[in-house]
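Letters A, B, C, D and E mark the chains in the order given here, with residues in each chain numbered from 1 onward.
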Amino acid sequence: SAFAAGHCAAGKTLTDGKFTVATGNPAYYPWVLDDAPESGQGFEAAVAYAVAEEMGIAAADVVWVRSSFDEAIQPGAKNFDVNMQQYSITAERDQVVDFSAPYYTAPMAVLVGPGAVDTAPTMAAIKDLKWGAVGTTTAVPKLYSVIQPGSDPLLYGDTADVSAAISANQIDAALFDLPTALFLSAVMIEGSKVIGQFSADSSENPDQFGMLMEEGSVLKACIDDALAALTESGALAAIEAQWLQDSTGVPLIK
Amino acid sequence: MTRREKYDAAQRRRSLVIAASSTALVILALIILVPMAPGWEKVQSSFFNRAVLAKSFPKLLDAFLVNVMIFAWSAPLIGLLGLLIALARDAKSPALFPLRLFGAAFTDIFRGVPVILTVYLIGFGIPGLGLPRPWNSPYIWGSLALILTYSAYVAEIFRSGIDSVHHSQRAAALSLGLSERQVMRDVVLPQAVRNVVPSQMNMLIALQKDVSLLSFIGPVEIFRQAGVFKSLLANFTPYVGAALIFLAVTIPATRYADYLMAKQKRERR
Amino acid sequence: MAKLALRGVVKRFGEATVCDGIDLDVDAGQMVCLIGASGAGKSTLLRCINLLEPIEDGEIFLDGEDISVPGLDPHPVRARIGMVFQNFNLFPHMTAIENAMLAPRRVHSKTRVDVRGEIESLFTRFGLADRMQNYPDQLSGGQQQRVAIVRALAMRPDVMLFDEITSALDPQLVGEVLDVLLALKAEGMTMLLATHEMGFAREAADKVCFLKDGNVIEEGPPSQIFDAPQHPETQRFLARSK
Amino acid sequence: MTRREKYDAAQRRRSLVIAASSTALVILALIILVPMAPGWEKVQSSFFNRAVLAKSFPKLLDAFLVNVMIFAWSAPLIGLLGLLIALARDAKSPALFPLRLFGAAFTDIFRGVPVILTVYLIGFGIPGLGLPRPWNSPYIWGSLALILTYSAYVAEIFRSGIDSVHHSQRAAALSLGLSERQVMRDVVLPQAVRNVVPSQMNMLIALQKDVSLLSFIGPVEIFRQAGVFKSLLANFTPYVGAALIFLAVTIPATRYADYLMAKQKRERR
Amino acid sequence: MAKLALRGVVKRFGEATVCDGIDLDVDAGQMVCLIGASGAGKSTLLRCINLLEPIEDGEIFLDGEDISVPGLDPHPVRARIGMVFQNFNLFPHMTAIENAMLAPRRVHSKTRVDVRGEIESLFTRFGLADRMQNYPDQLSGGQQQRVAIVRALAMRPDVMLFDEITSALDPQLVGEVLDVLLALKAEGMTMLLATHEMGFAREAADKVCFLKDGNVIEEGPPSQIFDAPQHPETQRFLARSK
């Protein structure tokens, strides 16, 4: 076995001696670079390898698979040990699947298209924009509960569709987690801008990403231990600093 | 009561008993056997979760209005365009060859290209050419994409209906001095349409559900709404809720259409 | 000038030549009977005259006008020529009376009310007063045949083509239909009939044409054709029917 | 050459010229006018991007094999099941009322419930009941979901075809002493099927594209692959690539079917 | 014992009573002609005998066996009774010969090769040797009618029901068909014909039945019916046909 003898994860993984990690299809920048998690490049890929190492699993024994959100929450057997694709931990989801301790706390950010770059980062100003978001993310409830837009928001399947809608001038603004928003404005949507962020800690239920596991997973304790150790040692913060852009320049929305 | 009547009555009774008992049996078997499967509880809580249903249902109903709206303006236009394309494909005179060509090209392309591409291409692409609001609305262009795609399907069905009317009917109508258009309208189409009602009901039902494809370009209709709930609650029950709403519309509609057809059939022979 | 004149009409189905240069004249107000063996091409000829089949060669004149010119709009021509098909071809989705009202309403743009009276009296004349509201599938063979005749007459054509219009009628009705045709003739209607009933042809026709091998082999008044046929083929054909 | 032949030849020439020139005109207009729109360059790079196409095409072709495979085993089963359901719905004797009821319930339910729910419910739900690998494969259960749904549509089309055959045909066949089954097989169905070929082609084409719905439960077929590229490259060109692959299959197939139908029609009258 | 016997047969379409307690006997090897006005119910009666329409009341016996018992399997019965329909009802998707081969192949489980010779000779007998490979839409009315006769004969029934089988035939063919029927009779075939051709009935029938208002008003040998009808209705009906 690749596990250190007697390690807590030994015998608890899907395939004995391997650690199977699922990511999205595709996996997005900056969470995974070039859709190639095996390289360990990108925030989530790096975290996965760090956790594996912490659990005494060699990098060579980390196996990557792809999964959709739906496959992650299906009632039957899963084909992964953990699933990392920016899953926000929510109480409802937690009833169906297990989450590890959070590995990242994501502030929400407002991305606006070329036509609305001058919007002031205030609640009053952004309310009247035409809003969009990715329908499968926790941005949706945030949008409805915090921003309460004046007109019905449009919801999309993924970031690419939101980008296209902004380009076609069908929406003015969209709500994303900050790293995604920064990436989109810098690389994907010409003339767009991140005009503000919501403070991550201020809201009553902050958006925290956790690794998703099968309900009642025996592995959860080990993963949590590993994440706790990484947080303790500052390794997690270092990975974040390496792969996620410094976001202090984005103003807070008042 | 003649022996024929007696026999018929007995048959009716017997078949009712069989129908009732076999239906009951199947339902009983499902109710008893399925829950015995080891994973039933998990499946039940994923797909048939009362709390989730109660929570999501009102919002699903709201979102369904969007479907109804889009359906309501698309369906008649699809019927009309589909019919026109079918007529174009059926044009007889050699001078109308370009029309036939156009009809064939239209159906080939819009049927062959995946709806979702048509929705993206027209829903994002045309507004992307630089239309100002509100003319770039995804509702407008998304509906257009649906209309074009479905017209192609509907046209083929009309065409099969037109083909299934025996050519002697056309000859008889022409011999009365009717113009091609009158022949089509008064003689061929009424018979053709009657022949394809079930197939067109297929299309109506499929359309009602494919309205959901517009959600790819923004509109929050019942499916997107169910998908949002699914993501948030990590539970598939909202889809079951959506299905219930669909069934509540389609089953009465199809039953009624069937009833009308059967009645007409009885009356005419 | 003949009301209806055919000159060298040729009609082929693929390789098979059904009409091989047919010449035929029907004068105004005349009743002409086409006789000939089954498969001789009687129905086909009537269909060609009504422009339902394109002809390969030859001309067809109606009132001196060539109606077989390629490219001519056939609809007004057809509206002047009524036709009753051998197998009736009623419209199954319409009741008997709707079948008959269709052409007057569409071609002559009349309303149901305008034409109802006239058409009802036609139905009565053919003994169908109580069947007007039935659909074709609910009618007997003879009833369907009579509806087809009513339908063709309802559009008031000036030439009528009849294809075996008494085949499904009982003797009494045959007599009555013959009376109607004679009345029509008295009103000036020109008629061309394809028929197998030699008795009918002999009694009603002004001229009888015998069709064989795609040609009119012999024509003349019924007395001549039936009592003194010249052509050996005609003689052979009629031998059995006496 | 008779004047009819001359006229026909002239007509054919004329219509060819018109068809060619009008087609050319439309294409020219598209080529010249569309690029003049302000947003054309953006749209072009989003939807018609040569580099993206070149990059994604080989993988799309690979993924298309998955579609072909699923299609290949589903289509015959759908045809068969659809036909059986149609026959069940058409059963005449009152003793067979339960069969009719079953047929109607089957079509109502599987047509009315959105495919995607059927796919989830059967593709996730049944394996979730506790089936071991490989029996919980999404390929098996996803295909089953497709088969059930499409059978319902196909059955309705067959039924409309059966209905469109005049009842006198049935009577004639029965009078020869044929059994109900022989009447159906030898007399009614051949005419019915011929009448609905275009409608069933519709279904084949729609099925070919709906195979993509299986991607919701895992299999990476051409659409999922195109979606992956779209997400990754934020570019819709991969969908255009997928559409090209679809068209390359469907257009020849429909043209060939049309040709066969037209030929048969010519031969029979 | 009569080959075919009807006792009190009642048939209604909704409110309308078409057969109102018909009694009729056809002895083995007999040829019986049904005559009566258009719409009298001749076709309907034939359809009832062939179990194509359920009857409301009464019994139908074939060889003494009640074939109208509700719930009886009708297929073997129908295989013993051949029927030619008034409007032919050929199968449009099969060529003429395929139409005729269907029943022998399916009901008697013979191969094409088995039956081909016999059926080809039937076609030849009806003057259709060169039309066997045509589809029904490519045949003239008379040709279709003859194919329908061949199709019904091909299954070698012992009772034949003919509905107006000469309506589309020329006089020569009528004679030939009559010859065929007489030959069949000589071979022991029992036949029931609905016809409007009184000449035909007079020449060929062993018994003639006059149908009116849902009843057989008068029956007897042709000499009696045609030359000395008893019932005033029969007299009136036949008055015109002489």
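Keep this in mind: a contact is a pair of C-beta atoms (placed from the backbone, for glycine too) under 8 Å apart; a residue touches a chain by one contact, two chains touch by 3 or more.
Note that this is a predicted model, so its numbers are computed, not measured.
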Least hop count linking chain D to chain E through chains in contact: 1
Contacts common to chain B and chain C (chain labels): D, E
Gap in Å, rounded to a whole number, between the CA centres of chain C and chain A: 83
Intercentroid distance (Cα basis), chain D paired with chain B, Å: 14
Rounded Å distance, chain C centre to chain D centre (Cα mean): 47
Per-residue overlap in chain A, given as positions that touch at least 2 other chains: 70, 74-76, 164, 167
Touching two or more other chains - residues of chain E: 87, 137-138
Numbers and ranges of chain B residues touching at least 2 other chains: 8, 11, 39, 42-43, 46-47, 120, 124, 128, 167, 236, 269
Chain pairs that touch, as defined at the top of this document: A-B, A-D, B-C, B-D, B-E, C-D, C-E, D-E
Residues of chain E touching chain C in the complex: 13, 35-44, 86-87, 131, 138-143, 146, 163-164, 167-175, 196, 198, 236-241
Contact footprint of chain D on chain B as seen in their complex: 8, 11-12, 14-16, 18-19, 22-23, 34, 37-40, 42-43, 46-47, 93-98, 101, 104, 107-109, 111-117, 120-121, 124-125, 128-130, 153, 156-157, 159-161, 163-164, 167, 195-199, 201-202, 205-206, 209, 212, 223, 236, 239-240, 242-243, 246-247, 250-251, 254-255, 258, 261, 265, 269
Complex interface listing, chain B residues touching chain A: 39, 42-43, 45-47, 120, 124, 127-128, 132-133, 136-138, 215-220, 224, 227-228, 230-236
Chain C contact footprint on chain B (complex, rising order): 168-169, 171-180, 182, 186-187, 190-191, 194, 267-269
Residues on chain C engaged by chain D in the complex (per definition of touch): 10, 54-57, 69-71, 137
